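Both complexes shown next keep chain A, but they swap its partner, so chain B is in the first and chain C is in the second.
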Partner chain A sequence: MYTELNSILNTNPDSFTQGEFVLLSDRKSDASFLIHHFLSLYLRARCKVWFLGLVQSFNHYSAISQRLGVSLAQAKEKGQLVFLEGLNESLSVLIPQETDTRSQAMGFLRDPAVGLKSLYEFVRSSVTSSGGGEAGADGAEEWGPPVLLVDDLSVLLSLGGNVVMLVRCDGEEEEEDDGDDEGSERLLKGLTHQCSLTLHVQGLPTGFCRDIHGQVEVCWRRRQGDGQYTQKKLFQYKVHDKGVSFFAPGTSSAVL
Partner chain B sequence: MAAPMSSVGKPSAERSPFNTTSFQKKTRSKLISIPGTRPSVQNGQLLVSTGVTSLDYLLGGGLAVGTVILIEEDRYDSYSRMILKYFLAEGVVCRHELFVAAAQDNPDDILQELPAPILDDVAIHKPVEQPRLSCEAHNSLDAMKIAWRYQNLPKVQSALASSSRFGHYYDVSKTMEPEIRQAAKCHRFYPTEHPTQSSPTHSSMPESYSALLKSLQEVILREGFDVAAPMSNSRNILRIGLHSLGSALWGDDLCCHDNPRHGHALTTFLYGLRALLRSSLSVAVVTVPSHLIQDRALMGSITRLCDNAIALESFKGSERETNPLYKDYHAEPLPSRPPLPSPVPTPEALEQENPKLGNRFPPNTSLSFCLYSPPRSSPVAPNA
Partner chain C sequence: MLPELLQGIDAGGFLIIQDSTSYSGRHLLKSFINSALDREEAVHVLGFEVSEEELKDGLKGSPIQRLHFHNAYSDPLGWTDHPAFTVSQFCLDELTRLVKQTSHPKPATLVIDSLSWILRHLSPPDVCKTLHQLRKGGAVRAIIGLLHADMHQRGTVGSVCHLATSVITVVPVVKGDKAVAKITKRSKSGKVMQDEEIFSIKEDFTVIVQGKPSQLGPKLADPKEQETDPTANLTFNLRLSDTEREAKEKLALPFVFSKEKKTALLHSGPGSGRILYEPDANDDYDQEDPDDDLDV
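Showing the complex of A and B:
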């Protein structure tokens, strides 16, 4: 959770709006630091989080979240975090063993014609079975609104899946997407149209700089009255060991 | 102008029974140090050398364990093959295990063409001397009077003592001696040797890819490279070299058609490879003939699924060969993707440095493979 980003987005662990759809996209750079921000933010906010980590291993996310002060392993134990480790599951699909009883969430790898339906079913059944935050009779903890994070959608495209628009649950959704070519361009446009908040990460247009790692364009789309209201802001950022600092363009500490 | 006498000599089959000293450096951490690796200064990841020290510099110190580097082949597959051989030769010198898979040539042929390492000890190696009895030592004229503790040690250290260094230099004009190469454990995969079983279910990958993935997984589990395996005293790194993936010889029609039938075969394979690498102590170098792949979007996906990527552009036959500025250089690597995160320089960054590979041919030394900064031309006045 990066405090500067929280103030930019007007979010804090105690209160945030429900029913939001946040899109993280990047072009020729890497927006994964934003995924870690949102993951730690929602875990701190005591929401129930479903995380489809398709590109990296659980240890990777865990190590970085540790630096941000959140323990993924603990959250998983307590039941706050449901983690689908795409890489692990995919191996059992790609290299079929004789006795295979694990969940077939990544079944689309074997047969792209089937599509991502099995993945969708996995998410839907998991969300509905947990009931969305009721306090159980056995004293299960009550969590906040459900959040779904997907990292990252372009991998699903690369692997041949037809990305079905996920039906939104009552909670929030976040996705990450690399936009670099036609297929993902179309997907990016479709998603941008649907979402309420976009964070688009790019490199600096002037080239590489050691002190400024890139820029983030934040775009809010709100419905106010009859029309839509879009607000855009541009920030530059620098990734540190334990956080990211955001600043207005031209106000980097190296420059001032 | 003969080549220098930097002969490696015969390495002794057994190590000296005596160590020079019983001192052991106290390591602060409980991590087992694996020969041929070092932690990164940026983020503490374990790095291995690719064999080309200047490429290591480009990658930020080396190749991180558990990642894959994609090399987009140059037109005649000369320099990508050379980088692959350097990578494997480095594995032999560091005593890592190797896994070589190739469809075009037999992996054994690639292994026989590895470049010879240039090691520090130029002195002629003497065979290991038998431990002499102390009475004999006193009698001989060579008896040491001051440093008598070192009396019974061999006069010259064995040739591979420098394997504790990170990154070595190689002489491309010579091939590695068979004894050194055979000391390393190599696993091979040659698709024609593997009988293709007809898969009952429709698979998204051609059989050669599935068989390769399966073979890799078997080797990783059997030889104990799995991270989940019980920690023993000696862990080692598996170096995986996959040659020319995506070419037609692997059964993939990615390079043959504009709309390939198995369009996502290679990306699915790379995803599976990533899954295997992230859960084991291995590194992979994959070469892909990208100049044959027409679909740039697909090439983009392939690049994004690998952790590092460089593209090689050879000057042979192109107009650059005749440009006097480039006369010393043979090919050009272009990083086609920024390296792993935190911090992430944009691609423009690396292009500005834009090092070029060179095989400089100074008159009487060995040939080697290095990256240099691009040649800078001084501004020429129009009338000069």
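Showing the complex of A and C:
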């Protein structure tokens, strides 16, 4: 969780709006540092988090979250974090063995016609089953509103074809998307129409810089009845070992 | 033209609101719903993109009873066991049945939010066919659809808009919450009218038209300033008096080949050297001037 980003987005672990759909996208850059921010933010906020990690292994996220002060393994044990490790599951789908009884969440790799329905089923059954046993007699802790994080959607696009995964939970959703070619461009536009907050990461338009790793454009799309005001803000960022610093364009510490 | 469209669409009309990610056309769509409800018409909404609460947010009062929301938001692809309305139900029979379920004296208006969603899952020719049948069928009086132009190829957008009797394309203006609406209206006689208007939408979904885009454009540049005379206000004199101008014009420039110079060169003056030539017996002396035919 990066404190500067929290103040930019007006969120903190104690208060954030529910029912939001946050879209993280990048173009010729890597927005994965934002995924780590949101993951640690929601874990700190004691929400129940479902993480569909389709591009990296659990250990990868775990190691980075450790640096941000959050232990993924602990959260998983306590039941706060449900992690779908896409890379592991896909192996069992592509090379099936008789003793395999794991869920068919990644079944779309084999059979794109089935679509992402099995993935949706996996998430939905997981959400509803946990919702039922929340305040159970086994002393399970009560967690906050459910959050779904997906990293990342463009993987689904390149593997499964037509992506229309709809998970309408009561909580918040986040997705990551890469806007480079036409198919993902359409997906990006479609998701942008639906979301309430987008963070678009790209490299500096002037080229590579050692002290500034890129720029983030934050766009709030207010959808309430009181007017249609889309607010946009641009920030530059630098990724450090244990965090990311955000600053207004031109105010990098290397420059001032 | 926007207020006229809001007051009512002709029977069999099909209105498309085209928007993009930079400005959402849903507020304008809600204004159309609001004015249809005020006219005591029944409105059926196929909601694919937003939930019922979000769509009804802001629309208040008793007219809301006439708004029938068909929930295609929670399960549009039919992945659960009991979907309310799925994309595959977008065909003439299903829609006619849906609209006829609620009986109402006045014919209903069908609002589709959004057409883009349907176009992602059904082929454009099928969608166009269904829309055409709906228009002619008579089950609904008018159709209003929201289309996200940046989600489809231009050909798809063009084909669907070709079916429409009116198309409103909304783009944002740089400052404020105003937007520009580019309206194309095709009347039954075949006449096409086009217009551009700046509008904003208030909280109660009334639309205020604030003029044409050209009025807000940059002001015309100030009338051309008087040409300043560069020779004024100097410490030295750059002007010429009349005599000086005459002398200047008379001056022969050094390297221009004038008539006087030509005669001076060709006919040598007195005192210059002369060449005397006495031809020998062997010489072939031709009296003619070999350069006679030159036109120098």
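What we mean here is this: the second predicted complex is superposed on the first by the 247 of 256 C-alpha atoms of A that agree within 3 Å, B and C clash if a C-alpha of one lies under 4 Å from a C-alpha of the other, contacts with A are read in each partner's own complex, and residues count from 1 in each chain.
In this section, a residue touches a chain if its C-beta (ideal position, glycine included) is under 8 Å from a C-beta of that chain, and two chains touch if they have at least 3 such contacts.
Please read these numbers as outputs of a predicted model, since none were measured by experiment.
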Partners on chain A (chain B, chain C) - clash or fit: fit
Chain B versus chain C as contact partner of A:10, first or second or both or neither: neither
Which superposed partner A:203 touches (first chain B, second chain C, both, neither): first
Chain B versus chain C as contact partner of A:30, first or second or both or neither: first
Contacts of A:221 with chain B and chain C, given as first, second, both or neither: second
Contact breadth on chain A, by residue count: chain C or chain B: B
Angle, in degrees and to the nearest 10, that opens at chain A between the C-alpha centres of chain B and chain C: 100
Chain B versus chain C as contact partner of A:120, first or second or both or neither: second
Touching partner for A:57 - first (chain B), second (chain C), both, neither: first
Which superposed partner A:193 touches (first chain B, second chain C, both, neither): second
Superposition-derived minimum Cα distance between chain C and chain B (Å): 16
Touching both chain C and chain B, counted on chain A across the two superposed complexes: none
Chain A partner contacts - residues on chain C that touch it in the complex: 21-24, 26-27, 49-51, 54, 57-58, 73-77, 79-80, 116, 120-121, 148, 150-152, 172, 177, 179, 201, 203
List of chain B residues in touch with chain A within their complex: 201-205, 210, 213-214, 217, 263-264, 267-268, 271-272, 274-276, 278-279, 296-297, 300-302, 304-305, 338, 341-350, 352
List of chain A residues in touch with chain C within their complex: 115, 117, 120-121, 124, 162, 164, 166, 168, 186, 189-190, 192-194, 221, 223-230
Sites on chain A touched by chain B in the complex: 28-30, 32-33, 56-57, 59-60, 87-88, 90-91, 94-95, 109-113, 154-155, 157-160, 178, 180-183, 203-204, 207-208, 210, 213-214, 238-239, 241
